[in-house]
Structure formats: structure tokens, C-alpha cells
Amino acid sequence: MAGNSFGTIFRITTWGESHGRGVGVVVDGCPAGLALCEGDVQRELDRRRPGQSSISTQRKEEDKVEILSGLFDGVTTGTPISMLVRNKDAESGAYDSLRDRPRPGHADLGYIARYGIRDHRGGGRSSGRETVGRVAGGAVAKKLLAESGIEVVGYVLELGGVRAKIPNSLDSSSLRGEAEKNPVRCPDQKAAEEMIRALDQAREAGDSLGGVAEIVAAGVPAGLGEPVFDKLDADLARALMGIGAVKAVEIGAGVESARLKGSEMNDPILPAPEGLIFETNNAGGILGGISTGAPIICRISVKPTPSISMPQRTVDLTTGEATEIEIKGRHDPSIPPRIVPVAESMVALVLADHLLRLRAARI
Amino acid sequence: MAGNSFGTIFRITTWGESHGRGVGVVVDGCPAGLALCEGDVQRELDRRRPGQSSISTQRKEEDKVEILSGLFDGVTTGTPISMLVRNKDAESGAYDSLRDRPRPGHADLGYIARYGIRDHRGGGRSSGRETVGRVAGGAVAKKLLAESGIEVVGYVLELGGVRAKIPNSLDSSSLRGEAEKNPVRCPDQKAAEEMIRALDQAREAGDSLGGVAEIVAAGVPAGLGEPVFDKLDADLARALMGIGAVKAVEIGAGVESARLKGSEMNDPILPAPEGLIFETNNAGGILGGISTGAPIICRISVKPTPSISMPQRTVDLTTGEATEIEIKGRHDPSIPPRIVPVAESMVALVLADHLLRLRAARI
Amino acid sequence: MAGNSFGTIFRITTWGESHGRGVGVVVDGCPAGLALCEGDVQRELDRRRPGQSSISTQRKEEDKVEILSGLFDGVTTGTPISMLVRNKDAESGAYDSLRDRPRPGHADLGYIARYGIRDHRGGGRSSGRETVGRVAGGAVAKKLLAESGIEVVGYVLELGGVRAKIPNSLDSSSLRGEAEKNPVRCPDQKAAEEMIRALDQAREAGDSLGGVAEIVAAGVPAGLGEPVFDKLDADLARALMGIGAVKAVEIGAGVESARLKGSEMNDPILPAPEGLIFETNNAGGILGGISTGAPIICRISVKPTPSISMPQRTVDLTTGEATEIEIKGRHDPSIPPRIVPVAESMVALVLADHLLRLRAARI
Amino acid sequence: MAGNSFGTIFRITTWGESHGRGVGVVVDGCPAGLALCEGDVQRELDRRRPGQSSISTQRKEEDKVEILSGLFDGVTTGTPISMLVRNKDAESGAYDSLRDRPRPGHADLGYIARYGIRDHRGGGRSSGRETVGRVAGGAVAKKLLAESGIEVVGYVLELGGVRAKIPNSLDSSSLRGEAEKNPVRCPDQKAAEEMIRALDQAREAGDSLGGVAEIVAAGVPAGLGEPVFDKLDADLARALMGIGAVKAVEIGAGVESARLKGSEMNDPILPAPEGLIFETNNAGGILGGISTGAPIICRISVKPTPSISMPQRTVDLTTGEATEIEIKGRHDPSIPPRIVPVAESMVALVLADHLLRLRAARI
């Protein structure tokens, strides 16, 4: 109810603040018998970790995961999987000057309004560091999905106005391979170069850039999704909009749907050896909230990093008077490349949950 | 879990199929002491009802609501409010020809994949008629919100490529007034005329149009929203993406955020007599998942009505062979005008729930 | 959250007051493909209905159920099953004198403290009439359980101090057959006669009697129950203690366990052709919160009907002064016989839910 | 859903196995602004810890708690409170001989039936060690309750057939003081001596004893509890029956209610300076599922420790043949004294949750 849990059958609960003792997650409802080790989780955390290139924050986070429970003889036992990542590189002093000056574009004022108190060090619970728990939980979900032949791949589609061209011929593992070749996680190498240039310029100007990420889930069988309020697309929208900085979620043709005619939007249904196929995929793999068997396609619009070093207008909460802040410290000039593993995790968590929910659909 | 309930504290459960005996909703968790009568609910149902003009389906739905429980001496008692609307005008014969031919753009195949059985009459549970329960529940939520000075207003922003111009000077009740003056629910009367022309053309061509609706919530205090997975915007995204035909949800600047710089996106914070104000509202009234006190702004992209009378390619499920269908019967050529009261209801339900959840945030 | 729903996957939401327009239930999460008709539900409602004999209230409740949704071609479709029973014989005038004088042993004061308002007519939502929804929902659960060979049978074990002797040789359907032969639902016909005599005496004295009911579930496979908080026995305890007038819940040896030694309590495990059996069943079919394959055995202690016609001391809420009440009207002199179908329903609901939850336990 | 979480608004999720790396809990939904430190939790864990006297297991558990998140400047922030207790003294070799021989009275067979795999070391997740997380979470709940003047006190009422005499004149803090004076936690010092003698005899015989614990909550205001399925007593029953070894839960007069007449059971309502009082408390402070303002009284019947050193009959799972086991190692000869802080914690968790839920009951 306080919103730190996600999922119904496959359910994670995350905890931890940016500058507290650590961050972590408890995964409850993972079926027994799934092969799992710390390496499976560490690999995903390493993809999320900053400090890997010039374009992301230089904060050094080791992010070494420890699995504290739920495994026996290398497989899950059906009991909760608790995972812990200690915080290491936490200089909270850098944030003291921000204590009473809420940062534009950040959650600061909301926390104060809601709780009357706020851990201001590095954003506290509203820090991007909170996503460590999501990615660790998502790693377990991905393992479970792999058992059913489902793969979730994300990449950057647009950054600072530069739009990638993604050939339809690329399958999901090629997309993953191409995207991971460059620090902006864009599978179009030429666009990636332009994006990096745009980021360099923004950083020099003390500014930041927004962008678009796309997440594709391949191999999802037809039938996932509860028809009314827990539609598969509704749950994906919640999962993705709940990532900090996301301001829009699209499924399939998304915002373009509004400009299409029915005769253009509807995906014709064709006979196929194994049953049916759709000629196009404007639906993004979901109709009436239920997966159709076509790839699931989600897109998120990510706002530019709110922490910028340019002076910004705000109010001093102790005096009520206008003031300015310049946010120093280690900040990504653009979030989409680092949001990719987080968004993949959220999509994987939704799919893992609905895969288990499907089991109760028929007698 | 089976997805027919929505909300945590303020919670609705809807039920009913297009051509069954009726549709309805149980509202649980509405606080005691709220003045409520059938007229409050009927007024909202009348806004949802089709058959009111040339642009919507000619199906005559009386949609007379009966409140079966939860009221005493004209106020809510804290016990569940059960509401029933009988189905009247249900000619299911018209759908017989569609039984074995799944309609492109519809939920038909998903239901079969999931349940192995499907009430094909009028779309069964996946019919737009399912939203009667949402609107009835939303009417109660709106009454509760009104006690706190919160008003939710929706309107059509774009239809068939025609974009409305909405002057910033319009407050929420003026928006409502202007929007309800025309059948497309667009507060820009000139754009409304163009939209109607576009709809007439689409109908003549046997085709349909998509569009965009915007929902604004005014008077929402700061502090609503749980910070991590149950962010206010995440819950709104789920609520709105869960309405049939919605393919994208945006908050505030939405998809445009991806093209802005941090210095453009961040809303400067200014001192004000009553505390603080934001110079702009790119955030759409939500930062870090918590309301800021500025108006909440949501936009949804709605695909064109999938039921079109033009021939479409599909497969005959009994033979597995390619065939065509032409969908006759009563169908709206465009959904956005009718989706407006449904979307308002979903936003109201999210806000009512979070308003009650806020009460537990502090000791 | 407001407590009118029960279950996680197989979930019911009940609504309705004693003297409102009706009572009912929405069953969500029933798997698709279950054969179900109104007769299945009516049969259970008829068992619950009062007015069948001299020992229960003479209120004439027709309790005719109408299934409003969720069925197609005689089977469930996976969508919510909404059921409605109209209230017929509701003379609320008889309760006017009780409006401001809370009845000892009743929920009256609690409702006022909690909600500040109370539908005093016939107990409103706290009336035994609320159980109509439980029994209707339980009827669906029983049908689902029958598909897996599970049968739930309840009977009265003790009434007014008279204890029945139940031969171990009786199987569950014989127990049901014997119990339904007499109005106190006791499978020991001799004890039943004594119980009826005790009831007649209590009624003449304007008093009421308590008793004990036992519910047995046969055919439950091993493996049902989540190990920590949602133990099968924990969920049964909640289900049964949540029935009005129940003051104790026992599993297996129950309160006697406290007086046994480990060597007496532990059920020895023996080899058997089909795997294992237990020599005794002190555990009542549940160990560590998980079913063992032995019959599930629950017992509930039911307090005497609080509505008695003898004068009782209370306070006039308008004056704050001591006063007396004599509760006239139609009241069962003892609840256990009528609680049997309700308790069976609650046990069936718990088992149906856990049967579906079991499906997610392994990959 | 997998049952390792408890509560709705005030919600804990526990994790950990007896011989894994540790055990712990995440508390979500604790309101912001509550003063809390590790000492508050450690004090309760110390009460739970074994090895404190001759009557409990000699396993040395340091059980040092670390609070990993959710605090700032000594108060809760509204974000999740994660607590970790490392396992220290874990010799799992002692359990190897039990791997394939399920222990009578234990959860072993259920885990195998449910999950197909089981961490057999020390009972794994079904070990009493799992209650560390409950007690740590309960410590936070107790602090929250103390802010509202609510105190929860538990003690042993009966052990090995020896029944304590508890004078009505003892208030809750005197009860606590008397109970903590002896290792069996019985406030009747003379009975305590007899209980200890009985325990010594049982231990020498290689056997174990059952008993009864009582938990009283004083200072609970009227109005707590949702009326139908989430009745306060229903939730207490679930909370208490969900503790390992509990076989019966009673509220107020409990099983005795079945033998009383209505005129004896009903607690007369009397005028009082501050409103109303009840002459007696057979109801145990709860009517219709809602607290009345009188003390809440719960009793649990606890079966004898299933781990006994006498030979017991079981089956070898590898051969399917009959065999015997003698359970060596460190085991409490009786559970009730150690269950007291666990039962207090569960009662505190239920009350804390319902205290927050009450806030949403009225507009």
C-alpha cells in the first residue's frame, strides 16, 4: 500500500536510500526450481551501474549484490529471495547546500508536503539509486521468462533530438548486441555518434538532454493480461511511468495511433502454419489488454536530467524568498541510456507476474 | 487479482457483459458521511451514454442506475455501494456472423487464447459497455473529491488530425462548459466543427478516426502519491492505459519532454503569498510521483474505432483459412468524445484513492 | 481494504444490508470453463435460508438468486460473476425503538464509533443477512473444488452443552446426510433431539444458546497453503473468525493440543501404497501451514445469539443514561445450525483460492 | 501473494531461512515522524532470543539487528524500514540425517509436496527462526501504538496442564513485570514454579509440553476493524494461527462462549463519565469485528514442540519404507514462553494496521 512493492504473484519489495547503508529488494512469489546465482543478478546490476563511460556520472558504485535467502543447491526454493547491495561511495556533504532549497524538476517539495521530513542526501529514496532493487528483482524475472523463451530488450531510440533508424530485420538479440556497443545504448551506430556529440555539448553548457527508449519483448505467448483494469498494457504503463523522469508511455503505434484511420491502424489477421499471424504490429502485441503473440513494443519519453549546473530559480524554504541554485556533483547529462536496464526490468517483472497469473485463467 | 477491481482504499469492482443481464460496480472503501444519491451517478452515466447525437452509435441505452446498498438517510455509511444498470437494447443476433472470425484491432483472439471460451456477443466483457461501472464508480469518487475542492475535467484536444487551440486563460469549469457545447466535446468551437466534418467523411467511407483527449485535475493539494511504484503518475498511466483503445499516456509535457533541455523542462519555483508556485507546468503537476499542487495534466492518444464497415482481412477459426469481414451494426466512428467521461472517472478514482492514502503518511 | 472482499486469486466482494434493496456478491477470479447455473447457487442459499423449521427465525426470506454476469453457454467465462438477491420481507419499523439504544453483544456501538453513522434497521450490514453473499460465492467455490474431488461438510457438534458423538467411521457424505436429517444439523440423531429440547427451553425463557460446529474438508491434496503468513490454517482462522458470533477457531486437536505431550500430539507417518499416511490426525490435515493430504478439520465456538427477549441493561445514547431493552422480533435462539452452510462456504473459499495459488508454486 | 507479507497499510515482508545467511524484514507503510532506533528493535529481539535460560534451546543466537533504511535524524521518513539480522551459529550438519526422513509434526512433507524442493537445514523457512523478522517488525508497530497509548502484553497462562491464576486487579504493565520475572513468562509465580518442574520432567523423558498464552491489548480505542471479512478478530485470528505450533485462537470468552446462554454472554452496557463501559468483557473487546474500547483479549493454544528426542515412526522418502527418527540437537521443550513476544508482535502489527485504516473511515 505504501507503494514499495510491485506485482501480485511475482512480487518485489524494494527499499533503501541513496546515502543510507544500502539498497535492496525482496522477491516474493518466485516459483521453486529456478536455477539462480549471484552472477545472474550481478550481470544486470553491472549494466545499470554508472561510471562506465564519459557520458554517465562518475560516481563509483561497486554495487556488489549478496543474495541472503531463498536459494538452496543453486535453485530457488519458493521462499523469499532477499538481496542486498551496500552503499559505498556516499559523500552526503555535497548535498547540504540543497537542504532548504528544493531543486526544480525534482521530488523535493513533494516529499516535504507528504511526509513533513525528507532525507535530502542525494535525493534519498527518490534517487536513481533506488532502481538497484528493481534491476536485481528484474534479473530474477528475466531468468524466469527465459524458461518460457521470452526475451526483453531495450535500447535508446532518440536522444537530444537525434532519432535512430532501426531496421525491421534486426531480431531482439541483434538489437541487444548493437545497442550495447556504444555508451548511449543505441543500436544505430551512426545515430549513436551524433547523440554522443549532442551530449558533450549539453554537458559543456551545464545543461541536459531528454530522449526516448524502446523496450521489446519477444517470444511472449498469446493470452497474458487480465482484461479490465490489469490489462497487460495498463500494467506496463504503470511499471514504466513509475520510473523517475518518464513522462510518456506508448504501446505499439502509440501517439501516432491518434492520427491513423481504422483501416490503417488495424493489423490484418493472416493464416499461418502455426495458427495466425498479424500482417503489421500497430497494436504493439496487445489487444484488449491481452497479448496477441506478436512482439510487445513499449516506448518511453524521458525528460532531461533535472540536475543541471546552470543556475536555476527556486525558493529558500527557511525564508520563503526567491533564490538560485546551481547543482554540482555527479550527474548523468542524460538518463535514457541508464534507464534501459531499469525499463527492461520493469517490463520483465510485469511479464513474469502475468505469466504466473495466466495459470489460474482456466479450470 | 483477476483484474476487475481498481484502487486500494477507495476500490471499485466492476462486472458485466455487453449482452448479459446488466453491468454494474461495487464501490468499497468510500468513507462514511458523504452525501450521495442516484441523481449524482445518473448525471455522469448520461454523459457517457451513446445515442445522444449523430456522431455516436445509435444504440439506445437507457442506463438507469439503481443504488442497491451503502446509503442511509442520504449519505454513505462506509459499507459497500453496489450499483446496477440493466441491459436493455441487446440484439445479440447481429454478432453471430463474427463468432468464428476474429475482428482485427479487437480483443477477440486474446480472450480465446486466455480463456478458451468467449462471449462473442457485442464484445462481451471487452465491450465499451464495461465502462458503465467505471463511470458509476467515478461519480462517487468525484463527489468525494469535490468535498476537498478537487475538480476533474476532460475534453477532446485532437480528432482526425484536427488540433484544438485551448487558451491558457480557461479555468476548469469554463473548459467543461465549452467542451459540452458540441458533440465532439472539444472546447475550441471552431476546431469542433472541423472535427465533425472529418467524422462525417470517415463514416461515409466506412472508416474511423483516432484522436487525443486531455484530462485536467484542478485543486489537487501537494503530497498525493506514493513515491516508488505507486507514483501518482504511474497509477494514472495504468488507469488511463487500461481504457480500451488508449495507446499512449502522457503527463505534462509528455512526449515533448524528450526533445527539451533540462533548462527548458524544469519548472522554476517562485515564492508566492500562499507558499510557492511554479512558473510553468511541464511537470503536469507531478514530480517524483507526488503531486506538487499545480494542476494535474494527462493526455491520452486514442486509436481509431476498430469496428469499421470496410472489408478487413481475418481468418476463419473453424477452417484456419483467410476470409474477410465487414462489421455492421452500431459503432461510434470515433471514440475520444465518449471516452472523456470514462477517462475523467479513472482520474477521479486514482485521486480519491490517493487522497485517502495520504492520511496514513504521517504519525 | 475496506474489508468486503475475501481471497486473492479466487476473490469475492459482498455487499448489502439487512433492510436495503438487496444483498449480493461479485466473484472474481473464477477460472473459465466451470459448469455453473443458478440452481447450483440456489441450493446452497436454500440451506442457509431461515424459516425452515421451528428452531430458526420465522422471517420469510425467499432469497432467489439471479446471476447477472460471467456465464456463457452454461459455463464460466473467466469474467466476474455478479449475483443478486433482492430483499423482500423487510419490516424496518420493528427496529425503530433500538435506534438509540445499543444492543448488548451486538456491533451497534462499534459502527457508531467507526463511522459516526449506522443503518440500524435489522443490524444493517452487521446482520446475519450479509452471509447470503458469502454462501452464494461459496457455492461457486464448492463447484470448483468438486472438479478436484474436494468436498466440504459441516455439522453441529455441540449445542447448549449437549455434545454429539461422531463415529470415526462416517465419511463426509454420510456426515452430510445425517446432519441434514434434523433442524439442528447434528449427525448424532440422539444428541440432536436433546439439543432441540434445550433450544425449546431457552426460547421459552427468552434466552439463547451457544454451540460448536465442525467443518471437514475431504480430498484436499497435500501442498495447499503459503508457508508464513498465509498459512492454510491462518487463512481458515481468519475466514471462520470473521463470521459473526464465532469466538474461537480450532484446527485438528485444537485447544486440547495444549494439554498433550509431543509424543501424543505428533501424528506418526506410515508407509502406504499411494505414498504416505498419518496414523492419527491431531494436526487436522495441516502442518507448517501446508495441507498434508489428510482431511482438514476445523471447529468453531459460536456464542449464543445476542438478540434475546429478556430485559438487558444498556444506555440511551441521546441522554447518556442507563436504560433497558427487550429485543423482540424474529431471531434464531441458536446460531450454529444456520452457521453451518456459511462456515462451509468460508472454508470452500479458502481452499479454492489456495488451490489456484498452488499453481504458481513451481516453475 | 506468496504469503511472506502481512498487513495492508502497515505492512511487513519477512525473509530468511534458519541456516541461510540471515533473516530480516522490510516494514512498509510506517508513517513518517516516528522516533525509532536500533535499540527499540534490539530490546524486543532480546526477549525472543533463545539461550537465556535452562528451559529454552541452548543455541546461541546473537541476533544483532541492523536498520538499513527508512530512518533520518532518528525518525522514520515514510520510506521502507529494512532490517537485517545475520545468522551466526548455524551448524547445518546436524540435520543431514533428517534430509530424507520427514519429522512427525513438522512442515517437511508439505514443503516437498508444494515446492518439490526443501531447505532441510534446521527447518529452513519453517524454522522458528523465521519469527525474528516478525518481532523486528512488531517492535516498530509497538512504537507506533505507544504514540496512541496502546500497550500489548503477553504471558503464559497454562503449561503442561498447570493453569495460572491471574488476578483481575493486575494492569497490563504489572502483568508484563510479573511475567518477565521467570523463564516461563507466567505472571503467577507459584504456577511458574510448577510449570518449570513439569518442563524438567518432560525434557528428561525426551518429550515436550504444550500450553496456552494470552495476549492483552490495553488502551485500544473503539472503532478499529473493518466489519465483514477484515474484522479485527478475524485478522487477529489469522495473525496468531499463522504462528507455528498454534492450533487454536480464542477471543474473550472463546471456547467457553459455546456453553453460555445469551443472558450470560452479553456484556451489559453501563453509563460512565467518559461515555460508556461494559460491565464484563466476555466479548474480549471486539463486537461485530470492531473494537469496543474494552481491552482486547486473545488466547492461543500451542501444541507441544514437535522436535522430541524419543524415537518416532516415519518413512524414508528414498525407499518408501517405515523407519524411525530421534531428533537430537537444540530444541525448546515447550514453545509458549518463547512464543509470547512473537504473539505480541503479531497483535501489535494487526492493531497498527487497523489504527491507520481507521483514518479512512469517515470523510
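The first chain written gets the first letter, and so on, giving A, B, C and D; residue counts start at 1 in each chain.
Just so we're on the same page, a contact is a pair of C-beta atoms (placed from the backbone, for glycine too) under 8 Å apart; a residue touches a chain by one contact, two chains touch by 3 or more.
What you see is a predicted model; the values in this text were computed from it and never measured.
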Shortest walk length in steps over touching chains, subunit A through to subunit D: 1
Chain of greatest Cα-centre distance to subunit B: D
More contacts between chains, A-B or B-C: A-B
Subunit A and subunit B: spacing of chain centres that average the CA atoms, whole Å: 26
Distance from the mean Cα position of subunit D to that of subunit B, given in whole angstrom: 46
Euclidean distance of C-alpha centroids - subunit B vs subunit C, Å: 39
Of all residues in subunit A, the ones touching two or more other chains: 1-5, 8-9, 14, 29, 32-33, 78-79, 114-116, 125, 227, 360-362
Contact set on subunit C toward subunit A in their complex: 1, 9, 29, 31-34, 78-79, 144, 147, 227, 356, 359-363
Of subunit A, residues touching subunit B in the complex: 1-6, 8-9, 14, 102, 104-111, 113-116, 125-126, 130, 158, 161, 202, 207-212, 221-231, 233-242, 244, 247-271, 275-276, 279, 282-284, 287-293, 301-308, 310, 312-315, 320-322, 357-358, 360-362
Residues of subunit A that touch subunit D when the two form their complex: 1-5, 8-9, 11, 13-17, 20-24, 26, 28-29, 32-33, 66-73, 75, 77-82, 84, 114-119, 124-125
